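Two complexes are shown next, each including chain A; its partner changes from chain B in the first to chain C in the second.
Presenting the complex of A and B:
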């Protein structure tokens, strides 16, 4: 029988880190300009794919970066920072290529339909929206918002990854601690963080309902509800994950 | 590993990723599996019966993740259990994935077209026979290239994730990128060439996809021909950049050499993001100047 209390007690701080990570992921999704199917027809501003898929794609790029760094350097800031930057780079590369296709393949300029003037560049927006659409492409305000979202989402994923790796490598009484390169540990932790990311990006998608342009979109104001919901959902998830990973460490990583 | 050799491996990874991205997008163009497929699905309901392959097995990230996982698992079993050489095993793994994907494609189009019988949408068997091998060929290329990326990352660059898991993760990312970039070229341009170039799709024209081709009725292979000129290669560039730049910043400033190097690699990543942001703004500025507004500013004229 696994000593559940013995696993949870030394890892309370990491449970809190996972819960904060989940809440950060949930807030980050509101920043990411999801255009959904309409954006694929240049019918809405943002990146032309669904909320969860885009956020998960970025988050996973962050998890891959965090994993690569964690095996080389276990400094908290470096690992979590690598996850944030990895997610931001994925979104940046997607957005710049998306802009090429909108500008040169479809012949439309990036423009938002939610504001009259871009809050950053102060460019007029409403005159440049083609008829019957809700904007198209990725204007500067949307790019900036997406970068913030990528950094925040990657930070959340990195926090959860780092926390669970620390739970797995903790020197529990009577067992040899696992190493950070242990394949079973890395596999279980990475799988959990991906699932965790998916859950916390589905919750805010009920706020977004299809499309959002970023922090200047009126739908953005709904973020506190999703943040609270994700905070609550992350608590049992974090406890279960810590017990599972801690148990893996107690049995010597299988 | 020697820095020069790791740079060479990185270059190979970047090239494989570029092929994976391009073939992923073209696979979704010929089979119409993406957000743009919503229009192919909608067309018969609006009275526009068509000859476009209509599959959409799942969202692209999920579908590609499945393909890559099946391929990599097959390859790993062959390598570890049967002692095959990795290159040979990856090819066979990708072949298995392509066959699985082909079977899903056929069941998907059969199911989707059959459900639209009430809108008089026929099931064209010749379409299924001619398009499915093309879809499988692109699925093979995507799976093989993604598996090569994952294999090199795990066994040459010493990424700690298990090979199959990394392949699954890159499968999600390649699908996510393909769905977000190249499919816009199909959805916003190719499917609606009858509306003037330089406009988004007016919501009132939804479902009115082009059904006549350069010769005969348009099909998925005609769309593939068009999208392979721009959308597909650009998707390849995008996925290539994600894979290459993500690994490159860790090779230039290796976090194993200390915390300061780790932070420098993060700073370099942020520099890349900022450079892309400036480029994005520059395209926004030039397109606004060159294309001009769609409407006149009546409000300011009135005040003048």
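Presenting the complex of A and C:
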């Protein structure tokens, strides 16, 4: 049996960081234009897949960016920033390619059905919505929204990743502290953050009932509920994660 | 298909819990005698996957609003966190059981939060997330012991997590739980067809994890054979059920040749 209290006590700050990361991930999902099956048939605005796939794709891109940077530079801002930018670039790339496919492949124009004028470009929207659909493609406001969502989700993932790496490299009594290059540590931390990301992107996707267009969508106002839910859910998950990663450090990283 | 008999949830839950835990523990204790016996873990994983697929079937038929894959990914996400936690405590043989319990607790917390805070109206949500997290944990435990040949935290981390096979378990195991309902849902959904598809998918996951195993040639061969046999048997059963449930199965023939088109 490992010393659970001895692992948790010095890492309370990092537990808080993981919980904040989970809450950020949860809020970020509300920015990402998830269209689900209707969008796959160009009958709703957004990308034609589920929240979990889009948000998790962005989150994993963020974790890869954070992991790659962390082996070279352990500065907090650099690691978390790399994760945010990695996730945002991944989502922006998905959105731009999606726009090409909707415009040149499906033959629909990017238009939102939730607002009359695009809040950013001020272009008229409602005239261009095909009958019987709820918009199609990725209009400018949605594109911008998804990039913000990517930044935020990546920030959350990077925060959780950095916090768990710090827990793993903390000098516990009687053991040699692990190096950030320790592959076993990186593997365990990455697996945890991915599981954590999946849980915290499913909770808000229940909150938005599957589809959302971005921050201009009326459903966006529901975000506090998901944020509270993820905050509470992240507390036990963070404690469990810190214990398991700390245990790895206690056995010397194997 | 109203005359169709449905296996009650409690029976399948018992099947999953007992089958899964028995499989994991038989593998855990017998592997010291001969590493071939890790194949019991694969059998436990198949039981857990069938149980999980039935839970997904029950909860997703209420309409989650987000697509079925979300709950499958949720299950494995909770499972991974609970399994690594349970094994990391260094409790010896109690580790897998603690991992299973921890996953059920995490599942219950997530279920209660989604009902109380997010405001989901599915009446069986708490029970479903608890069960699905347990099934996910047993599935990961079963396939991990096949790959690593042990449930020692150090060995699982080195052989399953660091090598990246955890993602194989994540997606292939998740498929066995979420895909059956996703592809069978609708008014003509029947439970036996769905469970047969789940076992077939679990067979594929077992073949893959057997291939990735480091427990020795005997274990690799036996596990892969079990996986191939499971896949073959349940694919045949599934095909039979599809033909039974379909209104009519017609042969459309080959594609017309260019001369016939002209």
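Simple rule for what comes next: the second predicted complex is superposed on the first by the 254 of 254 C-alpha atoms of A that agree within 3 Å, B and C clash if a C-alpha of one lies under 4 Å from a C-alpha of the other, contacts with A are read in each partner's own complex, and residues count from 1 in each chain.
Simple rule for what comes next: contacts are C-beta pairs under 8 Å (C-beta built on N, C-alpha and C of every residue); 3 or more make two chains touch, one makes a residue touch a chain.
These numbers come from a predicted model, not from an experiment.
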item: Which of chain B and chain C A:71 touches, first, second, both or neither; value: first
item: Greater residue coverage of chain A in the superposed arrangement, chain B or chain C; value: B
item: Partner chain(s) touched by A:128 [first = chain B, second = chain C, both, neither]; value: first
item: Contacts of A:20 with chain B and chain C, given as first, second, both or neither; value: neither
item: Partner chain(s) touched by A:61 [first = chain B, second = chain C, both, neither]; value: first
item: Contacts of A:248 with chain B and chain C, given as first, second, both or neither; value: second
item: Chain B versus chain C as contact partner of A:157, first or second or both or neither; value: neither
item: Chain B versus chain C as contact partner of A:53, first or second or both or neither; value: both
item: Touching partner for A:1 - first (chain B), second (chain C), both, neither; value: second
item: First (chain B), second (chain C), both or neither touched by A:191; value: both
item: Shared chain A surface residues [contacts with chain B and with chain C]; value: 36-37, 50, 53, 56, 183, 186-187, 191, 194
item: Of all residues in chain B, those that touch chain A in their complex; value: 34-36, 38-39, 59-62, 157-162, 165-166, 169-170, 172-173, 175-177, 179-189, 191-192, 197-206, 230-231, 234-235, 237-238, 241-242, 245-247, 249-250, 254-256, 258-259, 262-263, 265-266, 269-270, 272-273, 276-277, 279-281, 283-285, 287-288, 291, 293-297
item: Complex contacts: residues of chain A adjacent to chain B; value: 36-37, 39-43, 47-50, 53-54, 56-58, 60-61, 63-65, 67-73, 75, 77-78, 81-82, 84-86, 88-90, 92-110, 121, 123-124, 126-133, 135-140, 143-144, 147, 150, 180-181, 183, 186-187, 190-191, 194
item: For the chain C and chain A complex, residues of the former touching the latter; value: 64-67, 69-71, 73-74, 76-82, 84-85, 88-91, 102, 105-106, 109-110, 113-114, 117-120, 153-154, 157-158, 161-164, 166-167, 170
item: Complex contacts: residues of chain A adjacent to chain C; value: 1-2, 4, 36-37, 50-53, 56, 183-184, 186-188, 191-192, 194-199, 202-203, 205-207, 209-210, 225-226, 228-229, 232-233, 236-237, 240-241, 243-244, 247-248, 251, 254
